[in-house]
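Below is one structure, written out as structure tokens; the observations come after it.
Letters A, B, C, D, E and F mark the chains as written, and numbering starts fresh at 1 in each.
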Amino acid sequence: MNKNILSAKFLGCDSDFKSSDIVIFGAPYDGTTTFRPGTRFAPSIMRMDSIGIEAYSPYFDADITDYSIHDYGDLDLPFGSPTRALEMISETSQHIFDSCKMPLMIGGEHLVSLPVIEQAAKKYPNLHILHFDAHTDLREDYLGEPLSHSSVIRRAWDILGDNRIWQYGIRSGTREEFYWSKEGHTNMCLHNFDTLNNAINTIGTLPVYLTIDLDVLDPSIFPGTGTPEAGGVSFLDLVNALKAVSKLNIIGADIVELSPHYDQSGSSTAVACKILRELILTMKNS
Amino acid sequence: MNKNILSAKFLGCDSDFKSSDIVIFGAPYDGTTTFRPGTRFAPSIMRMDSIGIEAYSPYFDADITDYSIHDYGDLDLPFGSPTRALEMISETSQHIFDSCKMPLMIGGEHLVSLPVIEQAAKKYPNLHILHFDAHTDLREDYLGEPLSHSSVIRRAWDILGDNRIWQYGIRSGTREEFYWSKEGHTNMCLHNFDTLNNAINTIGTLPVYLTIDLDVLDPSIFPGTGTPEAGGVSFLDLVNALKAVSKLNIIGADIVELSPHYDQSGSSTAVACKILRELILTMKNS
Amino acid sequence: MNKNILSAKFLGCDSDFKSSDIVIFGAPYDGTTTFRPGTRFAPSIMRMDSIGIEAYSPYFDADITDYSIHDYGDLDLPFGSPTRALEMISETSQHIFDSCKMPLMIGGEHLVSLPVIEQAAKKYPNLHILHFDAHTDLREDYLGEPLSHSSVIRRAWDILGDNRIWQYGIRSGTREEFYWSKEGHTNMCLHNFDTLNNAINTIGTLPVYLTIDLDVLDPSIFPGTGTPEAGGVSFLDLVNALKAVSKLNIIGADIVELSPHYDQSGSSTAVACKILRELILTMKNS
Amino acid sequence: MNKNILSAKFLGCDSDFKSSDIVIFGAPYDGTTTFRPGTRFAPSIMRMDSIGIEAYSPYFDADITDYSIHDYGDLDLPFGSPTRALEMISETSQHIFDSCKMPLMIGGEHLVSLPVIEQAAKKYPNLHILHFDAHTDLREDYLGEPLSHSSVIRRAWDILGDNRIWQYGIRSGTREEFYWSKEGHTNMCLHNFDTLNNAINTIGTLPVYLTIDLDVLDPSIFPGTGTPEAGGVSFLDLVNALKAVSKLNIIGADIVELSPHYDQSGSSTAVACKILRELILTMKNS
Amino acid sequence: MNKNILSAKFLGCDSDFKSSDIVIFGAPYDGTTTFRPGTRFAPSIMRMDSIGIEAYSPYFDADITDYSIHDYGDLDLPFGSPTRALEMISETSQHIFDSCKMPLMIGGEHLVSLPVIEQAAKKYPNLHILHFDAHTDLREDYLGEPLSHSSVIRRAWDILGDNRIWQYGIRSGTREEFYWSKEGHTNMCLHNFDTLNNAINTIGTLPVYLTIDLDVLDPSIFPGTGTPEAGGVSFLDLVNALKAVSKLNIIGADIVELSPHYDQSGSSTAVACKILRELILTMKNS
Amino acid sequence: MNKNILSAKFLGCDSDFKSSDIVIFGAPYDGTTTFRPGTRFAPSIMRMDSIGIEAYSPYFDADITDYSIHDYGDLDLPFGSPTRALEMISETSQHIFDSCKMPLMIGGEHLVSLPVIEQAAKKYPNLHILHFDAHTDLREDYLGEPLSHSSVIRRAWDILGDNRIWQYGIRSGTREEFYWSKEGHTNMCLHNFDTLNNAINTIGTLPVYLTIDLDVLDPSIFPGTGTPEAGGVSFLDLVNALKAVSKLNIIGADIVELSPHYDQSGSSTAVACKILRELILTMKNS
């Protein structure tokens, strides 16, 4: 028979688990999203639309098909029980770390980053976090609930403590969150990546987990997200930031908060796919 | 100043709590929805678009502005914790029942009906349930979770037992659910309302809670829902069923599973508003 | 050069004014629409999408290309001044009647029918009106304004008086409108065309103006309208009604209230195009 | 690691080729579509959304997971070369027939049925065709091109000749097509399935290929298609027709012309998935 | 009962009229819009979606909940009669000025600014106008109609005369409009805010009315408007302009021409909400 | 009768063929588009929406109505046969060149540029090509097919050879394409127009054909295209590039790859209309 194209792998990521350094998996969970849900659809839509982009990046002058990357697929996460969903993500990322591979997770809402960060911190006690986002995500809780997409970095701070979290592109949050950060708990760069070199120089060769909330991008180029925040960075800003941090020792990463149905043009999904491609190359070059 | 139109009440439902027989409230929760979320937006969009329909029903030859109805607004329900959300709905409906009024809840996903049914059963021990839906909703659990939109009627059966639940319009479910019903646990009428008189005659003057999953309607007239199921009833079928059951002693009701963003034409929302109008008249005439 | 397809004529209606019996023109006005505007786009979108339907009707076993029909294009109507817009429509329809041709107008909101009816009544003093609609359109005024889409038939009654207006498919209005009609001012058939033969037999060979508000159709088949009203007639119901009234002496007609952008599937526009095709054949056979 | 859900199989169709009687494959080609393209997206979207329906059919009281069905995936068809695309479909269907299995193809535009019919006719010289469609598809050519979605049944007639093709639900075409059929070349039932028993009785035990253009359904329930034609059959009409023809000896089938992006509600895709489920059960019961 | 969230106030603007300095009201009128209507929906959609933004602005380091702001709701304006609609807006703004408060109006189309400017000029004879817009809005009339969204600033000039109107971001109009401005009638800065300091220095402490047509923003960040004009300013450009003019003595302001349905992503509405937040802080700091 | 507005001409381009220097025609073909089709709708939607822009350009301080431009309409191109479609475009452009006029074609996919380039090269043997695009379009073939939207510039190179093609804004392609260009076959400027003066200085007074794939624009301002590529140029970048190249001797041009349905806001279409206006002024000033 003719060659078929039945495939649910992200573009070119068709190596097996064993031979791969990077393991992609989807965490299609948006159960604590308060305003507009839909990030649960991101991993499957990204895989389907990834055929619309090229495997070659002119930014890195590199091609993801040169590398061995495994796409594990999506976890089957239960809605209505964030605790169980986070446990399942935790187990998966632990297995990937235990196998000496790097997890590259596609969310889902930002809360899904928490269990991966927990596992990363277990394996790498001197872990630093690079956090690209429009939102502070530093709430102590949301309506009394400590596990929320808007408190995920605060929970990471519970694990890591002061001086370990670097936040870039931030432009939305409560006054309390901004002031709490200023007290020295996190390093926050408002609006853009202007002080990214501070992080790079300080972190040096220490292990870094990179969590990218795609709403760090300006809604002009990325309207497909639940809470678009104008005043963000451009696509090239983000690609340049990735190139800059490719010098660091990245041990895992994620890309979250694409809500594909909010951008019927498909452009936001295409952007997410290209950022994932660049992120893979960032990890391979780090 | 000129008269303003700042109002978040459903069309014509602007009486105060005390003087009203029927109390409308919204339960904008879709936290256990597995496939396509969005019913959280139903109550607010229905209120906003209710100005597009008339208060007068040619079907009942009656006008909802002839009655005193209170619109309490929406409960502020926490996503990520179905248990707490259900508790809040439970407290609200208990208060309404305790005040000798009839709750009329706008969902949200179907799970929100459960706490209202629990409170209704507490107040009316010989309660019967009329269930209009495309889906059986009789699963023992969903992925191990007993509290789910797809098990809500099974949970109601846990409370009420056999011969108290009458299901109409059903056309989707697992084989197990259909067979379990046939064992005598519920009275199920597939596809339509053909045997509705059986329920009416059997129930007589006993108290009835009416729960309407709007996906009982055919997706041709109601595509704005998470899991559209072709082969459903028409709008006039549903209005006629309401007129028929207006003879019964209805003590509370709900209307769930409108997901307004899935129907950009606004037609599904307009249908939901008209069904709510007819449902009010059904309750006032019952 | 190759044959081009630069054409803004409705499918097959490319005869010149002089040789045509029927003159199509668009009245892209929705200036009094209260709820959801957009019918202004109907004539141009219908022309563009008319290439998607066939010129042959299996219902009439006839082809519109067998006849000479002129498409005059759209009037350039000023928004912000309903009086001037109606004057321009009035002049255009007078010219068509004076030329002994039949106007076939594409709305726009329903108010645009009024000046054509006025001109028709001037030329044919014993005019009857057939009105297919979901709405009564019998308000004395709307917010104090006598010229409104929701009072157009009442304004027609001002001209024609009792026993001259036959309304079909009606299912929405205020109580006052329904009761006013029942006092004998208009002949109203609720929900459907069940008593259409009454009109046909009574009118006999007298001149008839046929005004079709497309929202007479059920929103399942015609969601692309500003105020969708469930419980309407099917496409075949409407085609059969047209076949029935083709025995009458129709001297002009219109088709109003398509709001194409509310139905992104294009299906409502396709329905409107087919109804226009059938309407042309109805007029040619009457 | 936790169980993943990386799967591109249609719901429950995960048997291997060898052990399966039915082989599903996608032909995502719409290269000759004149008006509105997009059926190329149907197979992949149907697979993704098939998780939203149940495997159990209350119409057949049967479950597709009881059977062994293989989903081969999509052919990688070249746009810009219909001839090569048809060759690839031809080779694939020949291989399936040669393996004594039944092809069940998901289109794509209707032209993709032609090579499967050719292979079916080669294997079963006394083949009959059941054709459910809104359109005649009997044009000699389209703009001079004999291979077109609007001439596919005419091309099938070139192979099979008179009295072998049974058309149901037809309501759109040129006058020439309707008259050509009436000359005795095909058996055509306008608008519905009223005379389906004629086909069933005549065909008896002879081999039948069933080709379903989903636009046979009314656009109210199936707006997601390039050329919606009002006046079609309902979902239950089509299911009942399938149950009726399940007595026949069906040796292959297809389902074409879903254009999922034209129905943003997802309802048309859900309908297509359910029809595919019923079609599988029809073939297993035939 | 549990706390409800029935509210139609813009985020945090829930003070009563008496205790407030700023009074927000909606003018949902788009009756003279020629091309694509829909700005009538802006005020209600902005209120509903305002829960998606934060009350704290990192640009002003200030929180709108620190201030007393009243949201009066929407005026119930008649379509079909621009004169009457403008009268109602005039009365409302007069009342606000008479109460020594600042009006902050949400349009609607740009014409709604005219009556507020008239009342402002009555109260503050030496009024200046800051006009942020893509369009000149300087037509003498539109199709003979002097009251039009495209002539609103020309009408303001009729009241104020030369040297009182400062236009920024302009990039679309007829040649006549641009040349008329250059004759010295208005101060116009093409494309951006480069010469904003000229206005600030010239105006000094004189009273200023600020009218923001949101289409001054580039359509990349603000596609949700009737007449998108590429080449506009960024969100940060506009925020910086607001910070700059916060030194002026602003006595009233408006924000017009959001047409929310044209941007299904909701991003344009979110931008409008944030600009309204910044505008409030601009007025409080001026 | 009143003046009508039945017109299918692009804004202000209503001169006859004979008296015009520039001849606009549409090539609504997307038959080789692999990923997401829809550019076939661009010419007709652009004409319809062109009434939403002004004829006057503040960038050129010029008005297109000052010039004589003919809009020929769209070619009626057969889908399913790229060869025949290209022939028809070839004949049309030959006729325009033979009449000593400049063709200005609206695509369609990029492949439609090939026959115009062929005719241009026949008439102007020392032709240079300016190519603005996100994509290299330099593939030797696509799935074995030499005629493809992704190989159109490679085919132009087959005709013109080295040093005649100048590519700007490029940011997507295979590694092979980028490296092949670097071997000296084309002059490629990545991402932007930074080296545009190189082309201008080198080409001097030689004849230039300008082909603009609108996806050279960033998807933030132009999401309405089949393959959006982030990291592109802004609207003002493109307008400035046009002003720069207006010094050259442009003998023909095209604008391709608008897929209007992918941007429901209409903003991409408005951008395309304005670029076409600026392109006309560029050609008139060259």
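Going forward, a contact is a pair of C-beta atoms (placed from the backbone, for glycine too) under 8 Å apart; a residue touches a chain by one contact, two chains touch by 3 or more.
Protein names from UniProt, one per chain: A, B, C, D, E, F = Agmatinase.
Predicted model, so just to flag it, every value in this text is computed and none were measured.
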Touching chain B and also chain D, the following chains: A, C
Rotation in the CA alignment of chain A with chain D, degrees, nearest 5: 180
For chain B paired with chain E, centre-to-centre distance based on mean C-alpha positions, whole Å: 42
Where chain B and chain F are represented by their mean Cα positions, the distance between them in whole Å: 55
Interchain centroid distance [CA atoms averaged], chain C/chain D, Å: 38
Multi-chain contact residues (two or more partners), chain F: 76, 218, 220-221, 263-264
All touching chain pairs, where touch follows the definition stated at the start: A-B, A-D, A-E, A-F, B-C, B-D, B-E, C-D, C-E, C-F, D-F, E-F
Chain D residues within the chain F interface of the complex: 30-34, 37-38, 40, 76, 78-82, 142-145, 147-148
Chain C contact footprint on chain B (complex, rising order): 51-56, 58, 63, 218, 220-221, 235-236, 239, 263-267, 270-271, 274
Complex interface listing, chain F residues touching chain A: 35-36, 170-175, 178, 190-191, 218-221, 223-224, 227-231, 262-264
Of all residues in chain D, those that touch chain A in their complex: 1-9, 25, 44, 48, 71-76, 88, 91-92, 95, 264
